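You will see two complexes here that share chain A, one where it goes with chain B and one where it goes with chain C.
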Partner chain A sequence: MNETREVGELLRWQAARAARQAPPPPRAAALLEQIRPWWERWPERFRQLADSLAALDVRYGHAATDPRPNRDGFLVPTVVVRTQAEDRTHSSILYFAISGGRLRLRFQVMPAPDVLPTKAEVTFVDAATARALLVAPVEAASSGEYRVEAELPEKVAAAWCDLKVTDRMPFHLIVQQVEA
Partner chain B sequence: MSLNVGPQSGGSVASTALAPVECGASCPAGVRALCGGDCRDERFRRACEWAERGAEARRNGDEANAEQAFRAALAQLLAVIEGAGPLTESGWSLEAVLFAARCALDAGAVDESRRLIDLCDCPLVVPVDGVMVELRDIDAWPDVWLVAAVRSAAPDERALDVLARRHWPALFGRCQILTACRDQAADLAQEAWCRVLRRREALKPGGNFPAYLQRVATNLWRDWLRANQRAGVLGETRLGSLDAEVSSDGESRTLIDVVPDWTALEGAAAAQLQEEVQEALSRLAPLLRDVLVARFLDGESCAEIGRRHGRTEQTVSGWIRRGVQEIQVYLKQSPVIGQLHSTP
Partner chain C sequence: MVVRYIWFWSFWHWSRESHRAGMLLKRPLEGLAVHWDEWYRHEASARERDEIERLRDSAAEQQAFLDWLEQTWSREAVAHHSAALAAYVWRELRRVEPFVDWPAVVAVRAADDERGIAAVILAEVSAGTADDVVPIDAILLPGEIETDEGAVVAENFEAEPGDLENSRQAVLGLLRGRQRWSVAWRWLLLGQRDYRRGLAFTLLAGWGAVALGLAWLLVGPDPGEQLPWLAGGLVSVWCGLVLVALITHGRELRRFFRAGRRMATGFAAAQVRLRLPARFKLKGGSAGLAFGLSSLRAMRRAWPELSERSWLWRRSLERLDADAAAWAATGILTSEGAVRPVEVAAKLQACRQHGQITHLLMPTQTTVAPLGGEAGGGGRLQLHRCSNLADALLHVAALRSPAQTVINVATLGLSALMIFGLPDLVRILVPPAPPPVVAPSSPTPYALWVSLDTASPEFFQVVLESRVWAYRRADVRLHNSAPASVRAELRLLKRSDAATRDLEDGIVWIERRPCFLFRRFEPGERVGRYTVSYLNRLRHE
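Presenting the complex of A and B:
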């Protein structure tokens, strides 16, 4: 019996024993409730935040004196939601790439609120329709910078695949603090 | 529409008589046996052709077309059933109901299949991949029907319950090896299910569902490892320290010298060994556990693992030796294992 087979067999034996001692599986109803996106569970709350984003977009549009994009691209309306406060602001897109249906994004909240959540998730809201597209966890880097890696729904990936950092982004952002 | 099942002689169907059409090869065997090669209904034959197309699309991984084809077959069969007279156990109209219920299940139209099943009060047994399946027994449904039922916009809860019950233990077992912690394993397994359900439109009923589920759990675990490495929780030093050379002091590297024959152990002895192996795994760096699972449970080559981690094949081979060595050292020093050896 060579070493490779032995370790594999021991691990399989271990996994099989663990399987026999598994706790009960989750119920379908519980799983389906768990996957309901927050904007379906709390539609009024989502509506309020989406309206705030739309208002930010209008104000930004009116305030822009130079319609041409600067080298940093267009700012993306952003609402940052913490337990006790909400901040209406914007984000600068620092990096945007889609590969194999997977989005890698870095953005910086500007101006950053005094306190930015370190454990958070970001919801992408379609700028044209105000519908939520997807939600993904973010990693907080430094000074208001966040990093996201997320699998995109097929249609979204197809629509966004040619976007560049300097383009006007077709989405707004809701950054929400997540309970630890 | 209600169809009464009752014994009737002859088994002929009181439907509009159509000129017989020669059966194509795609007619279900049961139907061919009944009609003797004279297909009574052109719609039935079209249903067979659609069902064949659906099966082929599913084999090719084209779920969109597969579902469309099965629904087209179902539509043809519903037209046949609605035009038929009373069902008989030997009548071909009952075969139409069975065929329609199967197409409905293949299309993920579970409510429709239940409606059809409820039309009959006789056993409804169909062959699926060589196994006879009673359509009323959802626990006996093959994965292909359960996954088809779950991938729709409104997943069928009963089908999801059966699917979860069926594949949860093996998934949990894999997660326990990865996390070396029972509570974390349960969380990881549950999160894997949530991820699968959030992207359920991508599910392929004809695919290997349990393998897919385990892959999702493993990828989630790897995402967690990467995020924690970046955050410095595990620390880049851990990855760096794995690259240090593994000593090869000539000592035997086989577990058989250290661990009693685990396949022969039962009861308390097996439980003790399981605890010690669990402890040995928990002492490994998480990345080493991941690499051992990839190599020995998933059968990935060192080169494939190396590509994922940006390391050479030799480096990964060294990691594996280190992992095995660490398990061996712990188990060799364990008084519990020593006792197992000395117990006759």
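Presenting the complex of A and C:
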């Protein structure tokens, strides 16, 4: 019994000390600020990147010689943002599947910059309106390839559910390096 | 029947259906690694993962899976089988989880480290180091030409599309275009033969007999009555040798062309995938020759059976495959198969420093002395200059044979002599009919003309025997001076001991005088007899 009481007192003392040493709780405004997406926290920066993406958009002209449907897919304008540099390039969508409101995407940056971030997140930007749609972490797969798995907003999922990998994608990509 | 590795079939069918449904961009074979990665993460069931995991700790099971890929799956899953297909699939799978750490992977990876033909790709500001010698890994996927990636794919490097296509066209030209004639005549003139020892000895003996026979006919003692036998034997042996040569070479060339056409059909519809050990962006086309040879090697690995029926192809491609690790190549390869000059100084240095490269194929150009510094790595580097892809292949195949070249030159020389001398030999064997004497006769009393109606004047001579005139012998030849005729002209000289005063006393004999090229043999039989008086009464014109 004495041991139990001593342990209990020790635990209470530790909790009290932790409470005294803990930093003050953040204010609600600060918490709300933290969960805002980055394009809302730095709108100018986002605008700059979105303009870059728009400039990269490729206009396709089909001088078709083959009656079969196009199997090459369409390149998606991509900006790769690293700490010290930015690369404007394109990506080829290798895998696109939506199931149960979740997007599974695999894309390859082409041509791949010399250094690609291994820890990064990707922002989907609507190609038509230049508005950011969602952001998700990416996993570097192999040379120049990234994998994404993310929950899609309902409207976006409904709009994209019939997309095929050979269709022109309604989004552009911003790949941003994430600090470790 | 037990269906093994159902999980792999599940993956394969998911890959095909997803591609068809528009979820996957690349075709199932092209995007194998990517598709497997996605399927394994999201689609594989727990049971399938367990089955795959069970293989992790057993090297024997892993090897059994590799064998199954090669012997069963590759024959059933795709329309166009090739021996290289399983190797390609395995190469792709071992880049992704969970295959990366399999012990069998390590073993296969070591086996795959048997290097291919190397290209010499200088890094920026490199003066030529061993690291610039870059082995090329080439795999051929049959029946995949309708892929979206094109007929030649640079998997992990960038090259000018024209350079890759040039190497492909050059290979096709070698298989079914003009380049194959280059291989053919080079082999005929300079290359080894695939004779059995007995046949080779017999042929050598035969040509030796022809050489001896010709020597006897030209400079040896007069065969006399044995001349027809000698000529007949010579002609028979030579014709036999020529017939054997025509049959053996003709058969091999026919097989060579036929096999080339078959390989070309497959190659034209296939996709060649080239991989370098590191990512490169190639500037310049000097790796073209290496790409072309690597494509040939990949074709041989994909369809070893196609080259089996032709000794020339089999030998060439087998050596290319087996000895590839010792070879490097540099040179711009055009679509016609020509090899164009490149800067070689630093490349020579790089190959000399590389421990395993002992042969370098390069264009026919003047070699600049390598840059300073000692060559390390040991071994001598042999330089092989080649003007086209066919030449390069023959170098790698080590088909050139100095001994055979000497034999070929000698037999060609002997055959040339035989061909030139064949009319004479035929006349020896089948002597021309005795020619009748015709006009004109001599217009003067100081000479006796014996004009003959014959197409072989050199084969006859005339002899005058007379009690009044001195013995005379003269060759029959074509006289162009008026009146022109084929005749022998005998200058008449009165004998001091003339036994009669009859100036038309005398007999002119027509004799056969066999000859061979520049040599005339002893006179043979007499085939005509005419009196001087008869000859004098022939017309003068």
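Definition applied: the second predicted complex is superposed on the first by the 138 of 180 C-alpha atoms of A that agree within 3 Å, B and C clash if a C-alpha of one lies under 4 Å from a C-alpha of the other, contacts with A are read in each partner's own complex, and residues count from 1 in each chain.
Heads up, the rule we're going with is that a residue touches a chain if its C-beta (ideal position, glycine included) is under 8 Å from a C-beta of that chain, and two chains touch if they have at least 3 such contacts.
In this text, all values refer to a predicted model and were calculated from it rather than measured experimentally.
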Chain B versus chain C as contact partner of A:28, first or second or both or neither: first
Contacts of A:96 with chain B and chain C, given as first, second, both or neither: second
Which superposed partner A:19 touches (first chain B, second chain C, both, neither): first
Which of chain B and chain C A:7 touches, first, second, both or neither: first
Partner chain(s) touched by A:164 [first = chain B, second = chain C, both, neither]: second
Partner chain in contact with A:155 - chain B first, chain C second, else both or neither: neither
Dominant toucher of chain A (residue count), chain B or chain C: B
Chain C partner contacts - residues on chain A that touch it in the complex: 71-73, 92-97, 104, 106, 111, 141-143, 145, 147, 164-167
Complex contacts: residues of chain B adjacent to chain A: 155, 157-158, 160-161, 164-165, 168-170, 172-174, 176-177, 185-186, 190, 193-194, 197-199, 202, 223, 227, 230-231, 253-256, 259, 262-263, 270, 274, 277-278, 281, 292-293, 295-297, 324, 327
Chain C - residues contacting chain A, complex: 18, 21-26, 31, 33-35, 37-38, 42, 95-96, 148, 156, 158, 279
Residue numbers on chain A that touch chain B, as the complex places them: 1-4, 6-20, 22-23, 25-29, 31-32, 34-35, 139, 149, 151, 154
